Amino acid sequence: MDSHLLLIDCPDEKGLIHKITGILFQHNLNVEDQGEFVDQATGHFFMRTEISGSFNREVVVQELGQIVPSKATVRLEEKREKNLVLLATKEPHCLGDLLIRHAYNELNAQILAVVSNHEHLQELVEKFDLPYHHIPAQNLSREQHEQNILAVLDDYKPDYLILAKYMRIITQTLLNYYQNRIVNIHHSFLPAFVGAKPYHQAFERGVKIIGATAHFVTEDLDSGPIIAQDVIPVSHTKEASDMVRAGRNVEKIVLSEALRLVCENRVFVHGNRTIIFD
Amino acid sequence: MDSHLLLIDCPDEKGLIHKITGILFQHNLNVEDQGEFVDQATGHFFMRTEISGSFNREVVVQELGQIVPSKATVRLEEKREKNLVLLATKEPHCLGDLLIRHAYNELNAQILAVVSNHEHLQELVEKFDLPYHHIPAQNLSREQHEQNILAVLDDYKPDYLILAKYMRIITQTLLNYYQNRIVNIHHSFLPAFVGAKPYHQAFERGVKIIGATAHFVTEDLDSGPIIAQDVIPVSHTKEASDMVRAGRNVEKIVLSEALRLVCENRVFVHGNRTIIFD
Amino acid sequence: MDSHLLLIDCPDEKGLIHKITGILFQHNLNVEDQGEFVDQATGHFFMRTEISGSFNREVVVQELGQIVPSKATVRLEEKREKNLVLLATKEPHCLGDLLIRHAYNELNAQILAVVSNHEHLQELVEKFDLPYHHIPAQNLSREQHEQNILAVLDDYKPDYLILAKYMRIITQTLLNYYQNRIVNIHHSFLPAFVGAKPYHQAFERGVKIIGATAHFVTEDLDSGPIIAQDVIPVSHTKEASDMVRAGRNVEKIVLSEALRLVCENRVFVHGNRTIIFD
Amino acid sequence: MDSHLLLIDCPDEKGLIHKITGILFQHNLNVEDQGEFVDQATGHFFMRTEISGSFNREVVVQELGQIVPSKATVRLEEKREKNLVLLATKEPHCLGDLLIRHAYNELNAQILAVVSNHEHLQELVEKFDLPYHHIPAQNLSREQHEQNILAVLDDYKPDYLILAKYMRIITQTLLNYYQNRIVNIHHSFLPAFVGAKPYHQAFERGVKIIGATAHFVTEDLDSGPIIAQDVIPVSHTKEASDMVRAGRNVEKIVLSEALRLVCENRVFVHGNRTIIFD
């Protein structure tokens, strides 16, 4: 008995849900969980269905292809744990949180390895018996450095790259291979405080809330589709360093929540927005 | 061109979504918005569909009746503003909030009248040109008092009774006529602090958050199905009277949010829980 | 028996609290509530003290003047309800919320009048027996329009101007007279989405939280010292118009919370930040 | 140059702040941070002052003793990292979070050892080179088991015991030695859902928010003074097991926040409430 995910997005059309579920019904499949959404502005249809039952995947995909509009994207995947490679720099809080979750099977994903441009986190990663790849960036262009990372990734072929406080800008070199598959955690409630030292920017601006944003990485810095955000209140008694400390709690929770959504295929990217079935 | 809501709940069965949407498709109806949910614990199916198009309501309902399980509840209703009667006692904040929304068509419902066991709010209600019925409770049993209220309600036949800080316990007398149609706002994050003076209870207990809960009224005090809840932080500097003041903000927002959900038929009651399509 | 507020800010110095409270003690005054804060970055001291007792105000102020640093600001004011003039445009939700609070003495301030560049809200304001001044802006420069407003304000001499969804940019003309005394509510979690149509900007950006910000108005649009902020979660199912509706709840609560803080003299402005004793 | 904390609580009296800060001023000490609070209901005064400078501790304490009321508690302590022993059972999320923080000096406290009634977490703790004491509870009365724990604690003499998901009821045996020094994390927004399986209780009750509460342990189960609380929204789609998973995030953040407050001596216990200077 297989458990699968059917993920469809296409221009909206009358009768789509009926036709799609009809094929599932004809194959005697159980719909365990289903969500649909039509983006009114663009007339685009999204559907995520968890199904169980035995079936010939090729046949079902072919039949689905015949009833959806021509510009549809249809994915029918076995439900499985996704494979991740984490990228980090020096800060341990997001990485450590993921390592603990992974060690106790709470991540619903497999961490294959950790890549870092520094050595600082090696000891932590090795406590958890995971490979640590130190790929220094000194004297390298961003592209050369990313080529070195790609060479390591080639051994792992992860589903997603997770930037667990990886403090370098990502270029097209990596993006070409991991389109909508790189998740970053930014330490502000985007679009406020793009770029470096957002907590210091927040302190200077005198905001009363700070936050964190998990998003897919695109060519534009801190501007990709947002997956999850959360905030906490701060008062005037908190200096930038206090915000850094308090913000870590938000960052790691938001990142892990985004990973849950991404790894369970609950997230569709639509332009610069995300559709999330949760 | 009509706009309708189809609301179905029934024991879950394979193919339900397919069959139901099939009937809509055969009648050439547009699905504007749809949500389904299966409660795994009870194997119960819920579906809310907004449809547009011209159709013979009786025919569609009959056809739906043929394909759903025998114990199904099928409602196919024109989308329309619901009619409300508000019950209040002395406090103006929830009532005033609803009156302002109503006056500016932000409520998505019609307030037909306000009923109160006191005279305090008459002036406020009449500013907004709505009928105010003062139905005193002195020297009456709860049942007699509610009979007097029922006599007034008989002129209005509201869809829902909204207890906008109505500080009396509701008995079976009213409940018999308004099963799952009475919405109350309780000034605590239920199930904490059931009953009288919840903010004073909260102060005594030394909680760091206070809240409010909108719920359907049942025979058991403050124990009916919860529709919406929200909370705010408090610190030791807040006395019970400060909590009362701060809590009013939460109460009125939670109540109006619950009204939106209820009046748009987004809420299914399932045992003592609610299923909410939003 | 008077109740007063002592508000001091000055460069920090050893022994300040001791010396200041010493003068209060010598005059046999009760300290009902006290807060101090030293901004470490600038070495600036802030203190807010609620005192009760009978005293000669001039003598106490003179004595305080002798023990604080030369660049100190010392205010010793009777606790009293502040006088407000509200400015609005067309939207009723913030204005209506303040009117209801005012009518039931929950505002802790007196609304003297409402000024608007449109006629839309006149009926609402007059329900509450308050003067409404329609001051149209057509064919006038911003400065000319604000001169007309100033002429009206001259009759009221309010402590604060409250921009309750007043949709026009404020110029130096008004600011000259109301430095740090104009409170605006902006419908985003600033500094995100400065300027027009922030909910539409938020929708385009695909954020998962929206918010509102109450701040003092300065020459730079939406960039003045922040008094209060709050946020609510949104999902992909919410269009810009849904965000507008949901955001109103946050706006009115944040504005009224800011008013409470400002009207109780709980807010010190320090550069572009606020120090808040609550 | 020493950095100290002065912690005073006593019946309120006119001039207390003046007199206390006077002694600090005479000794030429710097007040780095200060907070005071008077609980109006009980007329009790609380003060927390961070001071720096060189002084004779005994002399200052003696002088303070002469000016505070007879029933005062005066503590003048060097600022130092507190020593903790953690108690856990089987769940790794709170424990793991504290271990990571500790390993990277983000805890502002020293973890001396971990005690557990099970073996499950030994491997995790030993990754971080900390002693793990497995003290089984089988066939022992609660009191006997706690005596065994006390024997281990005797080697460490911790300032606080932290119950990081320690799933056993604490008796007077331990409380006698650690009055107001045992911090527990309970997985509900107390006082809702006292006792076992609070998420399952929450699911049954159909709440729309769940939470966690850090509190000092007292004789009454889950009823001690609350230090910190937080909540997250849940919807009908979340089963009890989903709440367990989501709740872990809240639990570990609330516990670590409570530890920060406790370890920085920011918390006074007053009856069953806490006064927190933050």
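Letters A, B, C and D mark the chains as written, and numbering starts fresh at 1 in each.
As a convention for this text, a contact is a pair of C-beta atoms (placed from the backbone, for glycine too) under 8 Å apart; a residue touches a chain by one contact, two chains touch by 3 or more.
Remember, it's a predicted structure, so these values are computed and weren't measured experimentally.
Colleague: Among all other chains, pick the one whose mean CA position is farthest from the mean CA position of subunit A.
Modeller: When every chain centre is compared against subunit A, the largest gap points to C.
Colleague: Look at interface A-B and say which pair in B-D, C-D or A-C is its repeat, using the rule that over half of the contact pairs are identical by residue number.
Modeller: C-D
Colleague: Let me have the rounded angstrom distance from the C-alpha centre of subunit A over to the C-alpha centre of subunit C, please.
Modeller: Those two chain centres are 41 Å apart.
Colleague: Centroid of subunit A to centroid of subunit D, CA atoms only: how many Å?
Modeller: From the centre of subunit A to the centre of subunit D is 35 Å.
Colleague: Residues touching two or more other chains, restricted to subunit A: which are they?
Modeller: Each of 237 in subunit A touches at least two other chains.
Colleague: Could you please specify the touching residues of subunit D with respect to subunit A in the complex?
Modeller: By the definition above, subunit D touches subunit A via 92-93, 96-97, 100-101, 103-104, 106, 124, 127-128, 237, 245, 248-249, 253, 256-257, 278.
Colleague: For subunit A, which residues count as touching subunit B in their complex?
Modeller: The touching residues are 14-15, 17-18, 21-22, 24-25, 28, 30-36, 38, 233.
Colleague: Taking the complex as given, what residues does subunit C use to touch subunit A?
Modeller: These residues of subunit C touch subunit A: 37, 39-41, 189-193, 204-209, 211, 225-231, 235-237, 239, 272-276.
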